[in-house]
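Here it is, the structure, as structure tokens.
Read from first to last, the chains carry the letters A, B, C and D; within each, the first residue is number 1.
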Amino acid sequence: MNSLRVGVLGATGIVGQQIIHRLRAHPWFRVTALAASERSAGKRYTDAAPWRIAEPIPKEIGALQIQTLNEEMDCDFVLSALDCSVAGDAEENFARRGTPVISNSSSHRMEPDVPLLIPEVNPDHIALVDAQRARRGFKSGFIVTNPNCSATGLALALKPIDDAIGIEAVSVVTMQALSGAGYPGVSSLDAADNVIPYIAAEEDKLETEPRKILGKLHGELIEPAGFRISAQCHRVPVSDGHLEAVSLKLRSKVSPEDVTEALREFRGEPQRLGLPSAPANPIEVREERDRPQPRLDRDAGGGMAVVVGRIRRCLVFDIRFVLLSHNLVRGAAGGAILNAELLAHAGYIVPRTVAAPSHNRAENFRPTLTHS
Amino acid sequence: MNSLRVGVLGATGIVGQQIIHRLRAHPWFRVTALAASERSAGKRYTDAAPWRIAEPIPKEIGALQIQTLNEEMDCDFVLSALDCSVAGDAEENFARRGTPVISNSSSHRMEPDVPLLIPEVNPDHIALVDAQRARRGFKSGFIVTNPNCSATGLALALKPIDDAIGIEAVSVVTMQALSGAGYPGVSSLDAADNVIPYIAAEEDKLETEPRKILGKLHGELIEPAGFRISAQCHRVPVSDGHLEAVSLKLRSKVSPEDVTEALREFRGEPQRLGLPSAPANPIEVREERDRPQPRLDRDAGGGMAVVVGRIRRCLVFDIRFVLLSHNLVRGAAGGAILNAELLAHAGYIVPRTVAAPSHNRAENFRPTLTHS
Amino acid sequence: MNSLRVGVLGATGIVGQQIIHRLRAHPWFRVTALAASERSAGKRYTDAAPWRIAEPIPKEIGALQIQTLNEEMDCDFVLSALDCSVAGDAEENFARRGTPVISNSSSHRMEPDVPLLIPEVNPDHIALVDAQRARRGFKSGFIVTNPNCSATGLALALKPIDDAIGIEAVSVVTMQALSGAGYPGVSSLDAADNVIPYIAAEEDKLETEPRKILGKLHGELIEPAGFRISAQCHRVPVSDGHLEAVSLKLRSKVSPEDVTEALREFRGEPQRLGLPSAPANPIEVREERDRPQPRLDRDAGGGMAVVVGRIRRCLVFDIRFVLLSHNLVRGAAGGAILNAELLAHAGYIVPRTVAAPSHNRAENFRPTLTHS
Amino acid sequence: MNSLRVGVLGATGIVGQQIIHRLRAHPWFRVTALAASERSAGKRYTDAAPWRIAEPIPKEIGALQIQTLNEEMDCDFVLSALDCSVAGDAEENFARRGTPVISNSSSHRMEPDVPLLIPEVNPDHIALVDAQRARRGFKSGFIVTNPNCSATGLALALKPIDDAIGIEAVSVVTMQALSGAGYPGVSSLDAADNVIPYIAAEEDKLETEPRKILGKLHGELIEPAGFRISAQCHRVPVSDGHLEAVSLKLRSKVSPEDVTEALREFRGEPQRLGLPSAPANPIEVREERDRPQPRLDRDAGGGMAVVVGRIRRCLVFDIRFVLLSHNLVRGAAGGAILNAELLAHAGYIVPRTVAAPSHNRAENFRPTLTHS
């Protein structure tokens, strides 16, 4: 079969479910193996996953037996949605044993030799994989991560502005969706008629990850972007879609129209290549004064576009705006899959030659692109 | 009877209801007359008001007939919860005809001779009343306003910090409750599973009102506070309680502990005087990392306290924190009543001598204070 | 162009929007004219409609100018989503002037010569159209209605049970979504953290409409089904999807499995014909003990399927279950469109010959069916 | 000190918290000891309880150390809010060791020698305590339970109707609040924009408990009430307050007015005695067509009154109505406390003579009643 085999780590969680859902008709990838914590291992997926997606579990996936994190998996690479409590070691082990690991977990994100990748923003950071392999003694395996769900939307929106104008400081206040906490996650009694002004470890991620993502690759090292970020994070009673109110101090005085244009015209490598999960526009700009709104805009670009609105002058900094991105799609499952697509296209993920013959193996996988 | 007679303008709206509710057992004030728009005029209050408060309409109020805004009212002063579309003229007329107007409406707030009053913050601004009377030819009447619901909480929290340390710039992002939009206000279809990143005219109020409130009175003029404010306002699906994420640039470097102390020890004139509606502490500081929360903290100090939490350093400015205040209480009905209490104590509101004998008149009203 | 031209009455409301949205790529129908109340008339649709659907307004529709309800419309038939306050006369007038009216409004539903049509349930009731024309002197025009949003789901679920077993009495308690009240509809302050145990006129509709729908056509009259219905209706804080808890007294003792089978195997005329909007299964039965749920199941069959779950014995009646149907789709816009499809297939809606030449006219419309 | 000492079992849960909160100023009872599961044992209450009540933990309670369920407690009786997974044995042990157990848990409710007590409904069932002691060999200890949160409201509303008219069958559909599931309980992702048509074990409780409560005591046995109950239970996104749509088949034809009068005039033993937690009216009848509503009516009678509305004829049975009761107050903590009050008044709970001298002991407790 002419596609790459995917193992999903953390398959029963809300991001694992989303990965499986989004790969149900993927042109390059198909799910062939699932792993999760001890509690689920040994069960059929149908019996173990508290499936929260309206469309049903794809039939062939429901019947798969869930493996432990220690077993060999029948796949060419893994997409990891593991909880950070176990992801560190488990992902390292998979990479060491030769499996490319495309991870949504936070465990390895800030390690200097691990790309923190958004294909539209820093595709050149893939080069870290070579340094990583050399330093850690990995052969075919490696680890590539995608950022935190809030950091992804922010970094995408900052990229064209930093390139065109230059950013000196960022103040961001988030209103994050419930699904960002996983399932069961936030108690309904905390969510009902309430806002919670605290999300564990979130502000730190949002203050550091974008600086790595927008950093410059110097040889084997990334020099973080020079601007400071202040983040205040809140959980609001919304199911999906993180909203962020952003203020920017810029290197030069520009008009809101300049910023609008930079955001609107932005395209990245996934758009140029026509990667399967790439939205036509990674950033959509809305002109209405009351958009973006989570319920109306979270599915823009199939959940892969960041929607920006209310671009206007700031009375304290220079420019402010509101952005929305779908935390489970662009900010998690879709972001990881897009990373895998870029890496497959670049030849980093290939059909794996396994000792035992596998009828599942992709003998001659070649990515087929929209534009090439 | 030994109490001041209150006329409520805009009595059927959500703030008018709250005023009536909060005066049901007030030691100084009792509601004796109601006015509202043409649509309600002539009806009994019970039949006209879409009462949204759990406790029932006070019996003697339910039977009152609603007057139009043009009629003479049997009262010593009015509390106005009129919509700003009609408040401007109506309140001016009441004041001109000799009735003190304590208003929650935005119409007159930014006029230079109208106090924008928070008793804990700028009680000296009452002196503007004399200038106002002179300039407008008012005799016993005058207009005093309380700030916008979001501006009230912010100004209260800024006051002790500006006094103790000095503020250079303020960045504030609000997450405001549905009741701030009145009734019926926000459609449930816009509120469900959603955040709306726009509230008409709100950001402008939040960027200007606190500067007037914290301004210095020079003779008959208020010089606005020197700091700039940037405000981004959002409507979140919460019934009551406005949450605000605040970042401050300060005149000197201080620790979060310094700010905590300044907020915690703050007391104002209402506390010193023991005004009936004054909370013991106008600002309550919480140490838990996930507070304040609207559902748990909006009723602090009977809804009259501002609750501040998460006071910490800001990576871009100097200090940041989260504050919560009850938009219908401190930010509207309760704030207006506290203003009336301060003005009654200061002798600006007195029993009105009317031509026709009124059995309702307060012959010998003297405010009784907790501490005096 | 080979399709039937649709005029949408009540185009700016929430059901009108849904009709426009659902016809954006319809194989038979295309929207060519819009009408609404005086307030919107004369404006472009883009400027008049408070569009609440995530996908944008179809481009060619956004530019259409909205007409009043009195003007001639360039269309072969109209789909009416008018408020019942104006629908009665307006629809009658359109029919009298020769335009087939497929209406979602309640105004004409219970009139004896107007079909209250669910294509899967009572397609034979179309025959009433001839009686209607004769009685009212209509020529090419006529009125056909679809039921109330709650009645639709109930009637669909009752049909196969009544056919197979026979129903003696129905007790139904509904938990209805906010969008059933239109936009702005329910105030967010009434919806927040609340249930409202009353929906104006709803219980009466739910107690009468299913009896007409399941009634037998005798000549030109429908004899209502013999069972009594008791309905208690509630508004719950859910955006879309009406849930109904149903108990049935049946003519003979049957097992839950019998009922399950009757529901599961049910197919109707739209399925046999392969009408464009027909779901593969009009009724989907779920076995999980906690389904159907509005958020997970309302889009079953593209929103056109009724989802039934928890079929079990009743300790008071015989059988009880829970059903869910999408109030805006099967219960309104989708139901009306399916009615139009059935009527177009049956030859009741045809390209209209108009005096003035119209470049929009469908010269040779012939419905293309999935299965024929 | 002249009050009875209370030990709270399951003190950290949402009902345990409510018990502690409601006893903070109780005239007869004061909390002197806390116990909970192993996980919390040994910690101070302040550190162990995820306190979800707006008012803070009473100071003297926060400092108490939590005991295990096996230790002796310094108290005259225990109020148990234990989870039913541990309540069965733990409560039995306390009773066997001599401690009266007033329990909110379901474990012992349906045992034939355990009163399932609502003081307004079946105070005579207390007599079962003697049979219980004899049968189980208890001396000073015993177990008395209060019903399930939904069953309590239903049984209270049925009582005066059954007495006055006679009930033949009951059909009830519930819309239950999130707090009924405890904390963390329902995931916010299941609650958001959703209704869940299933609550584990709930329907069975609602179909059996009211029949025991309204049953007749014959010697040492309760003969259950003769009517059948059909219950369908749903979880709705509301924080507190269970709503129930009820239809009744009655022994004789009566008017809605007759039922209204029976409900309105109903008073029970707690009202006659003036027990501290007794609401003036155990049942409040509302005339408005859209009441009761959870947000507006759940705190009626301090949360101890059942609010009934929409009393009208049923087209299938005889009479139907909607009722609301606060699941955490009347349906749990408040109900258990009222039971304790009745038992203390009846002399079943008395100051305990302990071997070791206790400075906490109530030497001369005598209940002081409002009316006596």
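Rule of thumb we're sticking to: a residue touches a chain if its C-beta (ideal position, glycine included) is under 8 Å from a C-beta of that chain, and two chains touch if they have at least 3 such contacts.
This one's a predicted model, so the numbers in the text were calculated from it and none came from an experiment.
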Leftover contact groups, counting everything except chain B: one piece
Chain pair with more C-beta contacts, B-D versus A-D: A-D
Distance from the mean Cα position of chain D to that of chain C, given in whole angstrom: 45
Whole-Å gap between the CA centroids of chain A and chain D: 49
Centroid distance [mean C-alpha coordinates] between chain D and chain B, Å: 41
Of all residues in chain D, the ones touching two or more other chains: 52, 190, 192-193, 237-239, 295-296
Residues of chain A touching chain D in the complex: 14, 52, 178-179, 183-193, 237-239
Parts of chain D lying in touch with chain B, wherever the complex brings them together: 52-54, 192-193, 239, 295-297, 299
For the chain D and chain C complex, residues of the former touching the latter: 169-171, 173, 175, 190, 192-198, 207, 228-230, 232, 234, 236-239, 243, 245, 247, 249, 289-296, 309-310, 314-317, 320, 322
